[in-house]
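Take this structure, written in structure tokens, and hold onto it; I'll ask about it next.
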Amino acid sequence: MALLDITALDAFYGDFQALFGLDLTVGRGETLAIIGANGAGKSTLLKTITGLIPARREAVRFDGEPIGGLPAADIMRRGIAMVPEGRKLFPSLTVEENLLVGGWGRKGSGRWSLAALYELFPILGARRNSPGTALSGGQQQMVAIGRALISNPSLLLCDEISLGLAPIVIRDVYACLPSIRAEGTAIVLVEQDIVQALAVADRVVCLQEGRATLEGRPAELSREAIQHAYFGD
Amino acid sequence: MSILASAERVPAERERHYRVATGTRASTIAGLLAALVLAGLAALPLLAGRGLVQDLFTVFTMLALAQYWNLLAGFAGLVSVGQQAYVGLGAYLLFGLTAAAGLDPVLAILLAGVGAVVVAVPTAFVVFRLRSAYFAIGTWVVAEVFRLVLAQVKSLGGGTGMSLPREVTNDSALVRLTAELLGLRTAAARDVASYWLALALAAGTIAFVYAVLRSRRGLALAAIRDSETAALSVGVDAFRLKLQVYLVAAFGTGLTGALIYFQKARISPDAAFSVLDWTAYVLFIVVIGGLGSIEGPIVGVAVFYLLQDQLAGFGSWYLMLLGLIAILVMRFFPKGLWGSIAHRFDLSLFPIRRHLVPRDGTATHPLSSQGGDHD
Amino acid sequence: MLLELKDVRKAYGSLVVTDGVSLSVTEGEALGVIGPNGAGKTTLFALITGAVKPDAGAIRLDGRDITAMPAAQRCRAGICRSHQIPHPFETLTVFENLLVAACFGRAMREAEAADWCVEVLALTGLLAKANRLGGTLTLLDRKRLEMARALATRPRLLLLDEIAGGLTSAECEALVGTIRTIHAGGTTIVWIEHIVHALLAVVGRLTVLNFGRKIAEGEARSVIGLPEVRDIYLGSPV
Amino acid sequence: PGVRAASSIKLGYVSPRTGPLAAFGEADDFVIKGFLETVKSGLKLGDATYAVDVVVKDSQSNPNRAAEVAKELIVKDAVDIILVSSTPETTNPVATQAEIEEVPCISTVAPWQPYFIGRQSNPADPKSWTPFNSTFHFFWGLEDVIAVFTNMWGQLATNKSVGGLFPNDGDGNAWGDANVGFPPVLAKLGYRLTDPGRYQNLTDDFSAQIAAFRKAEVDIVTGVVIPPDFTTFWTQASQKGFRPKVASVGKALLFPVAVEALGKAGHNLSSEVWWTPTHPFKSSLTGASAAEIGAAYQQATGKPWTQPIGFAHALFEVAIDALKRSADPKDAKATIAAIGATSLDTLVGPIRFGQETVPPFARKNVAKTPLVGGQWRLGSDGKYQIVVTDNQTAPQIPIGGQMQAIA
Amino acid sequence: MATLFDILVQGTLLGGLYALFAAGLSLIFGVMRLVNLAHGDLIVLAAFLILVLARALGLHPIAAALLCLPAMAVLGYVLQRGVLDAVLGRDILPPLLTTFGISIIVQNGLLQAFSADSQRLSAGALETASLPVGGGLAIGVLPLATFVTAVLVIVGLNAVFYATPLGRAFRAVSDDPATAQLMGIDPRTLFGLAMGLALAVSAIAALFLGIRANFDPTIGPARLIFAFEAVIIGGLGSLWGTLAGGIVLGIAQTLGAAVNPEWQILSGHLAFLVVLVLKPRGLFPRAGE
């Protein structure tokens, strides 16, 4: 049984439909990359999984249970964590508190603790008592990732985590993904940077205007196929 | 002067294909109707009884207060809980200028507005250091300071208050003129004169606010509301603009306060600086009607007035109902009654949105205003 | 010299974010700024536009000291920026977003401003979305809007902060084309960008910041090749 | 039955029914109901019989609202007379409207100075004071309460050092006024008054006043204080060990509940008494005695009697009496003339305008009713009773006991 | 000297009272950005509840307050979930108007139920007990108890806020409810808890209000402005700041009164304005404001 099982998912912003009957699965421990042009519906998909946008109950199943449209907090407590687009740190919490709050009321134990995170991102340890938002963009991204990891989720959702990072940091962030996978955590990676995404993903799904237009293993996909799936023609 | 390379001037011809439109059909009809209604209202005292004239006086003055408060809170983002400061100030200026200095009340009312601005300038430098909730409470405290200070002025009645003598209320040139013109008793003529002043005030206020909103300043106000950081970085001097709005609101509120108390003829610090009457109810009117639109306060004042007129006799039950209505409207129509209607039917009687529309047939691009279209 | 920074310093508490940076930008050039996250690049823009006041040092425009000039006035003097995190005017249409900038950033009359805005909309590819509300735009369009709005003020000095992040390669190419057009029209550009190849396609000169200090400056290709730049920023050769 | 609907008399009645002053309006329903009962078969005036209607308006304890409802009564309900009661905050805005509109207005339950002087355009300048044309008031005045208080104090041995608590409101300014208030009279009678200054109502701390009183070794505390402030003051005084021999305070001690709120510390506090069921007066409308009306109130509401009952009732007495004497009850001018000529024995005593007991400038508009002094005594049942302890100002009202110093 | 000392002591104790009124306000201001205009009326409601409990069960008001505390907490939770949740948002006006509605409903509901009579919680000897401090001066036990309670409440709330996971969650939700949900935090539950906590504190404030002086259904709003001033002087969301703000206000008032009682309330307001002109975000502004 897949960890996450999405069937015939529609999503709306008011009258505007952003996703059309999407089907998708994520296996346990699998890394899935979601790619697609701007406005294709990638962020919308993640928001629907996390319950920030309503969905039909049966359209999203996690661990075998239907979770579509449940309150976000309920969903996240079941072992899903998210690194939101734009980082979204809590300004009145320090770096350390931002990390800790990620573990609020969630199940899951495992490798990720404060100490382990400071090992992964030493700069955060050095600035643990600064307000989270006083950090630079890249540092904030690290906090956002750490905040998601600390709950030791079985599914980690990442929305454009390389956005706005210095090349060297992108490399570091991507370098930490294998150690996250090694813990058995499944990852859904929404990414513009196709090269990066394909390098770490087990499987790729391409979205175009709210529909999946391509799916496969990175090695099997040709450049042309991706190009076509991205923009249609 | 173009920063674009001269080679790129060719597409610049494009601008000739578009024009900027503001009006809607509803607004044109509304404009015509408004003119008719205004004429009718001006003639009303000739036809209707004193009761109606009296009610409309209250409605118009509350409407003026609501429009100025809406200008502050709804358009400039300055949520003040202290506009009673200027109602009270205007009122006290009226009393001081007429009873003590012997001016004609109509002149005194105008000067009261000016006086309110004079006081508002230094006040602004205190309250403008504060933002959002700080600003709200700060303005309230300032109004309390005004109240407490005026309560010390013995020649204006101190904490006891004072009444306008009959010579002031009844012997104004305008009142005498009205009495002669319509052949009325003095007391009734005073009502009619006040009514005309209130009508002029309310209509003038709406016209003025509308003109501001359609101007570049209105645009800049909206920009500041959305993001002050961005507004500053494109050259909008937010401080100056907000200051201007604050001063205009002080002027209008002071003027209205003076007119209200010309009619009440009695003043005391607690009454003139009442946060309940001159801010809480005004806030109720604006927010129930719909913040940030000109129509909102009009709808709000109608609702408020009807409730009071029909139900005030029920004492505390009426007040509880008022509370309940506030809660329910906020619960189900958070944009206010007009806000919800306008949203639902895409209606605007005072349109301010500038649309770029193709000149007939020549446009190179179709323009859509839908929320989610793709190209 | 269009813009000059002299020993500019800014600290938040004990954290020195801009540590005595001096910088000159000549009229008509395009300068790139790179550096690790947190190096102080965005802060540098905030100092230039007046959103943040320096603790020490001087900022000059055309040789005139503008260190104490308020932000809005600097815009009218010809400096305008785009924000790293877009701040569209959400309740205004795209067209109105630009109109504010043209009316206030360059004190144009409204009619003149409207024509100018249409021109900028066309250039930045936003014309078809002119009547959409700023709040309904996608990230890409928000970024376009940031740039278009800055452009609407007819700046002499245009500051762009991470405008290419999150774009597909095709979108990125289109953007580079637009920026080159603007530059070719005579506008001076300073561009902060982590997408280095896009940056190199436009700028001639590059400044590298690290921990609030300028650590390298010069002709773009040669700066990129410096080993210290690779160590602290690129991680691998481009 | 037998009432011709075509001609009716409308009385407007304004009082605070909600808000901070609502305690004053609590007896209104009872009084109005009784009045309507009395006139239910119509009022015979001259040859015609009129139906009588009372339009009741709530001032919400708010002067702005009071002015508004007065205007409504005049222009919409077209009432023939406006009756208004309870504190200058209510009477003054209403009377001001009536004066402008030339509608007859009768008011009560506010000492006449804040009513008369407070409605002048320059209350600070006695020379500018002018009488009113159509508005009339009956109650007692400061000179009466001063006499009553000093008479009570005279019954006890004190050092004649008095501390005054006067707020900056209509009552407080009048009581503390250097010309018409307590200070000149007290000085004449050999009392030393310590008046720290006008405080705002709902003050949370009286330590400054207490310190000043202690410094002056005050034996007697007086003033006109709203109930919560007096409790704050009195409690704080006890905490700081300040224990005067006498405390004679207006307003705070009018209602039994307010005194009960003080617990044991309410014993022997003294207050002015304007009306009690033991007053030897009868209603000119129904003939019922004060005792009967007091008992009827307790029976109807289950609550102890309060002083405003008598005055609310008397408002209707004066109105009906004037209408009966009016040359034309539907003509305001005639009714105003009739009110001005009132000479009536009412439930609160005789009411006559134009008497020498009122200074010439206010004589036309003001009639005075008798005032005595009393002390609250804690009964064995744990309930407080007010006992009239001084009647030198109105000997017709029987005394219930002698003044006692506060323990 | 002795008088100056007395003024400062009385002012500080008065500040304790204001801080106690303000603590609950500060808490929900900090967590939900809710400007609660009904706060004063809810305190009065709690006072009536204590009164009823004390009378019906023959309890000492302190015991009755202990019973009232959970009742108010539940009321707070219900009020938040049932009414206020729906109107909270970026805009401060809908909640402002809603709490104004609650305010007049509570006021007039109490007026219907209890009439306008003023009431008091009788605490016997405690009301007037005092401790002599030498120099002929005495400090009332009740004001002292009020002050100590205010400090304890602030210490307690502060500990909850800055040293517990719950407090972290409170602050996270207050910054960004949508993102907080992604941490598994249910904002509605937390807001409910915050309001429950705030009203529990208001039950304590009600106890001291009711013993100290009379209350009646309409007395709530009168002290609201002082409570707001205390919160703002201290800096939004800072509980210690609220205590400091209360004390600044209290001392300013007693100092002003010592010059002339006319200046008492006015000097409190002027002190407020002076503090804010010098420090526009209050004495202890919170990071990221």
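Just so it is clear, A, B, C, D and E label the chains in written order, and each chain counts residues from 1 on its own.
Assume a contact is a pair of C-beta atoms (placed from the backbone, for glycine too) under 8 Å apart; a residue touches a chain by one contact, two chains touch by 3 or more.
These figures come from a predicted structure and were not determined experimentally.
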Check: Given the touch definition stated above, what is the smallest step count connecting chain A to chain D?
Finding: 2
Notebook entry, point to check: Hey, which pair has more contacts between C-betas, A-C or B-E?
Noted result: B-E
Next item on the list: Could you tell me the distance, in whole angstrom, between the mean C-alpha positions of chain C and chain D?
Entry: 75
Notebook entry, point to check: Centre to centre, by mean C-alpha position, how many angstrom separate chain C and chain E?
Noted result: 48
Checklist line | Chain centre separation (chain D, chain E; CA means) in Å | finding: 36
Next item on the list: With chain centres taken as the means of their Cα atoms, state the distance from chain B to chain C in Å.
Entry: 40
Next item on the list: For chain E, jot down the residues that touch at least 2 other chains.
Entry: 108, 111, 262, 265
Check: When you check chain B against every other chain, which residues touch at least two of them?
Finding: 148, 152, 316, 319, 371-372
Item checked: Numbers and ranges of chain A residues touching at least 2 other chains -> 39, 134
Check: In their shared complex, at which residues does chain E touch chain D?
Finding: 3, 6-7, 10-11, 14, 17-18, 108, 111, 115-120, 122, 124, 127-130, 132, 137-143, 212-216, 218-219, 222-223, 226, 250, 253-254, 257-258, 260-262, 264-265
Next item on the list: Enumerate the contact residues on chain D facing chain E in the complex.
Entry: 18-23, 25-26, 61, 168, 196-200, 202-205, 207-209, 211, 227-229, 231-232, 235-236, 238-241, 255, 257-258, 260-263, 265
Next item on the list: Please name which positions on chain B make contact with chain D in the complex.
Entry: 49-51, 54, 58, 95, 99-100, 148, 151-152, 154-155, 157-166, 168-170, 187, 190-191, 263-266, 268, 270-271, 274, 276-277, 312-313, 315-316, 319
Next item on the list: In the complex, go through chain C and note every residue touching chain B.
Entry: 49, 51, 70-73, 75-76, 80-81, 83, 87-93, 95-97, 99-101, 103-107, 110, 114-116, 118-119, 122-123, 127-134, 136, 149-155, 181-182, 184-187
Checklist line | Of chain E, residues touching chain A in the complex | finding: 165, 168-169, 171-172, 174-176, 178-187, 189, 237, 286-288
